[in-house]
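I am attaching a structure below and will ask some questions about it afterwards.
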Amino acid sequence: MTRSERKPYSLREIKERLGGEISGDPGVTVSRVATLESAAPECIAFFANERYLPQLKATRAGAVILGESARDATRLPRIVSANPYAYFARVSALLNPPRPPRPGVHASAVVDGSATIAEDAEIGPCAVIGRDARIGAGCVIGAGCSIGDTAEIGAGTRLYPNVTIYHGCLIGERVILHSGVVIGADGFGIAMDEGRWLKVPQIGRVLIGNDVEIGANTTVDRGALDDTVIEEGVKLDNQIQIGHNVRIGAHTAIAACAGVAGSARIGRYCRIGGASGIAGHITIVDNVEISTYTLVTKSIKKPGTYTGAYVFEPHSEWRKNAVQLRHLSELAERVHVLEKKRAQPKRSKP
Amino acid sequence: MTRSERKPYSLREIKERLGGEISGDPGVTVSRVATLESAAPECIAFFANERYLPQLKATRAGAVILGESARDATRLPRIVSANPYAYFARVSALLNPPRPPRPGVHASAVVDGSATIAEDAEIGPCAVIGRDARIGAGCVIGAGCSIGDTAEIGAGTRLYPNVTIYHGCLIGERVILHSGVVIGADGFGIAMDEGRWLKVPQIGRVLIGNDVEIGANTTVDRGALDDTVIEEGVKLDNQIQIGHNVRIGAHTAIAACAGVAGSARIGRYCRIGGASGIAGHITIVDNVEISTYTLVTKSIKKPGTYTGAYVFEPHSEWRKNAVQLRHLSELAERVHVLEKKRAQPKRSKP
Amino acid sequence: MTRSERKPYSLREIKERLGGEISGDPGVTVSRVATLESAAPECIAFFANERYLPQLKATRAGAVILGESARDATRLPRIVSANPYAYFARVSALLNPPRPPRPGVHASAVVDGSATIAEDAEIGPCAVIGRDARIGAGCVIGAGCSIGDTAEIGAGTRLYPNVTIYHGCLIGERVILHSGVVIGADGFGIAMDEGRWLKVPQIGRVLIGNDVEIGANTTVDRGALDDTVIEEGVKLDNQIQIGHNVRIGAHTAIAACAGVAGSARIGRYCRIGGASGIAGHITIVDNVEISTYTLVTKSIKKPGTYTGAYVFEPHSEWRKNAVQLRHLSELAERVHVLEKKRAQPKRSKP
């Protein structure tokens, strides 16, 4: 969705809205955000990491956002904030407001007569809204989205094109779902019976809290019996798979390509790395960080960072080392034998 | 697709349809399935794992399905079955029948004049059916699905919204394809020629057998020359990638996020864990189990379970240990040297 | 898209178009490509690997493409080429031309009045084209695709059904995007502020060069501030995730299920294996090969092959060995102690 025309703001106006402290000319206006490196004079940039000091010195930005400790690192007009990156996010949101909804149901959309659509919601071209579904105030339902029977979408939520919501799922307010997201497909429930897999009907729902964002092509399966729950403020990147009956605690963030197996429970404020895996039926407490590519096979009861990734190296080195993995237990045993022998004096010859 | 109104069944009626043996009052009726924990009196639950004995003792369920050995673990009305989980799956299917097709082609669907659509099939809103495509009896083609030219969909098959079938692919009967599934996209066939990749046309098809279920956003590539084949009864979870010319044997189940590279052949009744990888051009025999996160780089000729995942640990521990991986070959050599020295007496001083 | 009727070509006609050298009867005609194994007499096959010598001996193909060194390995009519696989790709493209566009906008497509559509472009059923978007000459936009406001699609580009392009993204010429691809969704930009994640607006674009092909359900995120760039000739397989502000150099090929984290820069002519991961903010030089399942956490400054995958083994063996990984640092230390003791003579009894 395209951004509307950019309106310039003076630092004074920005401070009035967002707080912080101005050093230098408060009348300087900015209309765009940019990196220090690519900023033009009408831009405001941010500086939050000492590594970028050379870029700060060289920037052509009209103004900069920075932290208390860096207050004097530049002479440019600047806003000092305790959390410069968050402040920058707010300024960017001010300068780049999302395109407002275009209220109304597009002529090509197919809305079941029993559905309830808020008057100021936008239903895009070729979107399909099922029986008894409800679309809240100010929602944007993108082109080609499919909203299943009895599903509900809370106020201010945006679905980009080609999102699919299965029947009965409940999406909170101010949620953002990117293209290709599938919410509420059947979980992987099968029972082997006399040589054939029987399907176990998946009759739970997916409940998604307020202020959740879900990236492109991520899938969240409906519960088998009870519901799958994504609590408020959770941020899921692209191409993540969430199995049935998972519960993800509020404000947890998960990077792309991760997978969470059925019935796992993840706490609040966790940070889960890309392509990591969480096994089924385990519990992870609040404030746990999982590194990229790490498979978590057991419950984690203590906050902290956990890792289990293989370190890469030139292929020829890897070949030599990796093969030893298959003899590691034996190697440990050999060291143990050497230690025992060492502890006992060699038998002296009689 | 929403479930129809729930009709209650007595245990006697259930037994008449599904077999098993009743203990307690056969006239008790149930209308819903539930877990032991969340069951209400109108619910039937199942007990298949001793770990849940406390939940069995405390359940408010109206009836329970359990195995022979647990026959006396409760006084609730119960059905005894040799395979309680499979029995439960059948009861759930009885109580939660899939919504029946709504025969007819939606006015917004686009069906090529040369396509053949069974009279009782349902073609949803904005679905697109190509030239000479065939849709079998009782099929449900969800909103926004695209069925390519000459593709065929067998009787009783369901496509949830936004599934894409490329031209020429053949889908069996009673297949379920979840939203975002892509069947028959080009395989990754490229040939380097004078500094540029040439595309190798992918002219095979995808053949999907009867009773296959494929999860949301899973992709199955068409064959390069011959076909990609998914045999009957195979169950694929979400976000799986199946490369060109792969063959997956009947009744094999693959968990989410796995990838199978081109021309691999997987046997029947295999169970492949989530996020695992099967290398190209290898063969895996029947009844092999691959663990989660395991990369299989060589053919497997013997049934059994195979694993290759890194174990996770607190990050600081991992740092210390993982770095040693790069010296593992050297470490093994050092142990070997120690062993040799130990075997030879130290040179005595002259 | 279905192939048009097959026209037979004589080897002489093929040579006139594609070069190479004929051995045997140049008047032999072929109308299909096939593997050596499944070829019928109207087929041309290729031989590029000595392993397939038995298949070459047994083939029923009418003609074969092979390398100089294999010139005399068969008596069949044959075309000798320095790069038989690339030659085969060209012959296959000749025999299997992609279905030509069917110019025109389908009646069910929704094209904004401000969009510019080339006269000979094909806009499929239920496709949606946004404000000020531009679709180039000879493009095919498949059913259900969504092209965002101000996006541009270069000449000769094909989008299979259900592709989504977000606003402002620029797609080059002769690009192929397979179903489920999402270009330009928001990158994963969030800032923690007082216990809640703030969204960092993602205002960059995605720029995709000429002759790029992107596989089914792959996602390429738009830049946070600057653009995400996929240079010309890049080939991406299915279900790959490309984070914001990544740059992928020309003619690099990436296999399925790989993930590239934000701001990573990958050089030209790299080959990245399936399910591998490239960490954010690192740089990989040209001509690097990354093995399947390898996580690259640091910049790579030298061409070569790099690997970091765990080797699989029977589960019981793995259990014994993998547990030792958690003691590897300790094991190395124990070996060190043994070496030191060995170096020092045992204290002799007084």
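Things worth noting here:
Think of it as A, B and C in the order they're written, each chain with its own count starting at 1.
Here, a residue touches a chain if its C-beta (ideal position, glycine included) is under 8 Å from a C-beta of that chain, and two chains touch if they have at least 3 such contacts.
The model shown is predicted, which means the values in this text are computed figures rather than measured ones.
To fit its Cα atoms onto chain C, chain B must turn through 120 degrees, a value rounded to the nearest 5. Taking shared numbers over all numbers used, the chain A to chain B interface scores under half, which places it in the different class. Once the centre of each chain is set as its mean CA position, chain A and chain B turn out to be 25 Å apart.
The residues of chain C that reach two or more other chains are 108, 126, 144, 162, 180, 217, 239, 257, 275, 309-311, 313, 322-323, 325, 327-328, 331, 335, 338, listed in rising order.
If you check the complex, the residues on chain A that touch chain C are 1-3, 33-35, 38, 83, 85-86, 88-90, 92-93, 96, 98, 106, 108, 124-126, 142-144, 160-162, 176, 178-180, 211, 213, 215-217, 233, 235, 237-239, 251, 253, 255-257, 274-275, 292-293, 309-315, 318-319, 322-323, 325-329, 331-332, 335, 338-339, 342, 345.
The residues of chain C lying in touch with chain A in their complex are 108, 110, 126, 128, 130-131, 144, 146, 148-150, 162, 164, 166-168, 180, 182, 185-186, 188-193, 195-201, 203, 217, 219, 221, 225-226, 239, 241, 243, 257, 259, 261, 275, 277, 279, 289-291, 294-297, 304-311, 313, 317, 320-325, 327-328, 331, 334-335, 338, 341, 346.
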